[in-house]
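What follows is a single structure, written as structure tokens, with notes after it.
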Amino acid sequence: MLDFGKHTFHVWASYGVTVGLLLALIVASLVQARAAKARLDRAEKTDG
Amino acid sequence: MIALLIRDLRLAVRAGGGFGLGLAFFLIVVVLVPFGVGPEREILTRIAPGILWVAALLAALLSLDRIFALDHEDGSLALLATSPLPLEGAALMKALAHWLTTGLPLTLAAPALGFLLHLAPEAYGYLFLSLALGTPALSMIGTFGAALTVGIKRGGLLMSLLVLPLYVPTLIFGAEAVRRGAEGLATAVPLTMLAGITAGAFALLPFASAAALRVNLR
Amino acid sequence: MGYAQTMTRLTVTDLSCARGGIPVLDRVSFAVDAGQALVLRGPNGIGKTTLLRTLAGLQPALAGTVDLPEEEAAYASHADGIKATLTVEENLAFWAQLYGSAVPESVYDAFDLTTLRLRAAGTLSAGQKRRLGLARLGVIGRKVLFLDEPTVSLDTRSVGLFADYLRDTHLAAGGIAVIATHIDLGLDAPVLDLTPFKASATMAGASDEAFL
Amino acid sequence: MSIWEYANPKKFMATTTPVIPWVSWASFGLILVGLGWGLFLTPAAENFEHSVKILFVHVPSVLMAINAWFMMLVTSLIWLVRRHHVSALAARAAAPIGAVMTLIGLATGAIWGQPTWGTWWAWEPRLTSFLILFLFYLGYIALWSAIEDQDTAADLTSVLCIVGSVFAVLSRYAAIFWGQGLHQSATFSADKETNIDPSFWWPAVLSMGGFVLFFIALVLIRTNALIRLRRAMALEARANRGAS
């Protein structure tokens, strides 16, 4: 694992947190988007 | 305008506890703190300004959601909206009524409770002054929060979440003024900022509250 | 307590209004002259309350115009804004003060409240509270009244009292009243049935219209 | 064709949907390159050694946290003035992103300061004002979900956003004033690129660009999702009305 001297842990921790939170946000948004699309398709189907 | 203020004050007194409720809560919070923090004199003296201010803030918050909720339920809010009194004036009077029933008693009682927390002798004047300058802002900001959440069922908790962040500047400058007063430092800056925020709140928030009320009445 | 005899007139042209973002009434038009009343009829949910709230200015209309003398509208609904802990007198005094007028003694007799004058409003019966709510209209001195089911929970004698007040005091002095009610008030007022103005399900103007 | 053309939700969705993949990949690429470069190719700074690399995530997230709120303020004003549904939904879509950006800024700021302060959290003026901003975001998001009628929610949240912006600025000065009370002056304030020497400049700019595109892409995705949701609700409401 690349060694960043004294602050190795700190650097990796901050990147880990950042990527982790961004991924969580992306996943949540995509799940919400897919649910919205599904609901819309159902509404448009019954709307005829 | 004054008619609404007088009616609200009369309602607060008639409903019993109008003046006493906020005060009692303030007393309880201040009395609870030493139980949590311990009776050591040095600790209490140091945190006294902060505790008194946080207690005042929570007491103001406690009695906020009744400001518009009662009028909304019995329909007088709609009648007020169609009266010659503009909603901005109504919001202003409601804030003033809330301050008179909650903020003012707190300001008068706070120095007396300072003894319980071993507040530094020099700080009593600043405590009174900072509360006198700051509590009106608490009422006006609170009235805005109440106007935003008047239509929401069980909106009390949500209102606290909306209003507390808005209280931060007043709390910081208020408590800081007392703390610096206690240590004999210059308190001009925090006190002027405190007064500035209160003035700004009374200039901006009646209009924001009226806008929120109009939306909720739609 | 007569009103200035200026020609007060209420004209409504092509008014469309919505409830909860969905249009309920489309292109309602009518006019009411001074001293006249108009009774609104129609099935529940047709939009009587919505129309009255729009006329009183409590909510914006989707389209159309409402012309009435400036600052002369007053609204009264089921929720009559009575404070239980205040006495009858204090309730009326508050509304009078708010509208910048005084409480005329005649209003106590007109609504049979003389004996209840010093009673706390909370201790009144539903019918008495209703009469106090209506007495407010007599106190605020507004010429154009928009009344939503004013006679609910009133006994026949009180309904008669209210009808007399409307006819002999309010309308006689050149006032106007638009009333949504199913009870015959004995006023020889024209009746407007709102059914023909019911908005079609696909009418434009719904707040979601941009999404459809 | 004025830009207000895009206020029409269907048109907005039609024009933005093809753009989203491009912006998403561009932001992914920029972030990858920016952070990769920053992590592996830059030397250790004089007195901070490698912990300066934390800045490549801290600075962009902090900037995006502020810009997201500013964007919400602008879209709220557009909603109040022009009544365009898309801008109100864009504000609602941006709020969670801004909140997460603030959270990232707080976390990375705390990690960045830990070696100097010796603790994981210090009530340092900058971090404190971002903590307050985070509370504003929570209130805003909570208000949206507390109201059923969508137009009322849009109006009330817009008013809250405007008033909140004024108080957010006030809180910023209050936090700075209050921070001076700490007898330790802010030894470093991790201020923007200004105090970063040239060799760090490129990775910082790249990752910043990446974060901006990330924000845009996600706002578009979330706004379109909200538009579809709103359209579905409208269709369902019409179906109920038609049936009743």
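Each chain gets a letter, A, B, C and D, in the order it is written, and its residues are counted from 1.
FYI, a residue touches a chain if its C-beta (ideal position, glycine included) is under 8 Å from a C-beta of that chain, and two chains touch if they have at least 3 such contacts.
Worth saying up front: this structure is predicted, and the values here are computed from it rather than measured.
The interface with the greater number of C-beta contacts, when C-D is set against B-D, is B-D. Separation between the centroids of chain C and chain D, computed from CA atoms only, is 49 Å. Distance between chain centres (mean CA atoms), chain B to chain D: 31 Å.
With centres defined as mean CA coordinates, chain B is found 40 Å away from chain A. If you average the Cα atoms of chain B and of chain C, the two centres end up 37 Å apart. Along chain D, residues 231, 233, 235, 238 each make contact with two or more other chains. Shared contact sites, meaning residues of chain A that touch two or more other chains, are absent.
Listed by label, the pairs of touching chains are A-D, B-C, B-D, C-D.
Those residues of chain C whose C-beta lies close enough to touch chain D in the complex are 20-22, 201-202, 206-212.
Touching chain B in their complex are the following residues of chain D: 132, 135-136, 138-139, 142-143, 146-147, 152, 155-156, 159-160, 162-164, 166-167, 170-171, 173-175, 177-178, 181.
Remark: chain D residues 35, 39-40, 44, 48-51, 53-54, 57-58, 61, 96-97, 100, 103-104, 107-108, 111-112, 114-115, 214, 218, 221-222, 224-226, 228-229, 231-233, 235-236, 238-239 touch chain A in the complex.
The touching residues of chain B, when paired with chain C in their complex, are 2-4, 7, 10-11, 14-15, 71, 73-76, 78-85, 217-218.
Only residues 7-10, 85, 149-151, 227, 230-231, 233-235, 237-238, 241-242 of chain D touch chain C when the two sit together in their complex.
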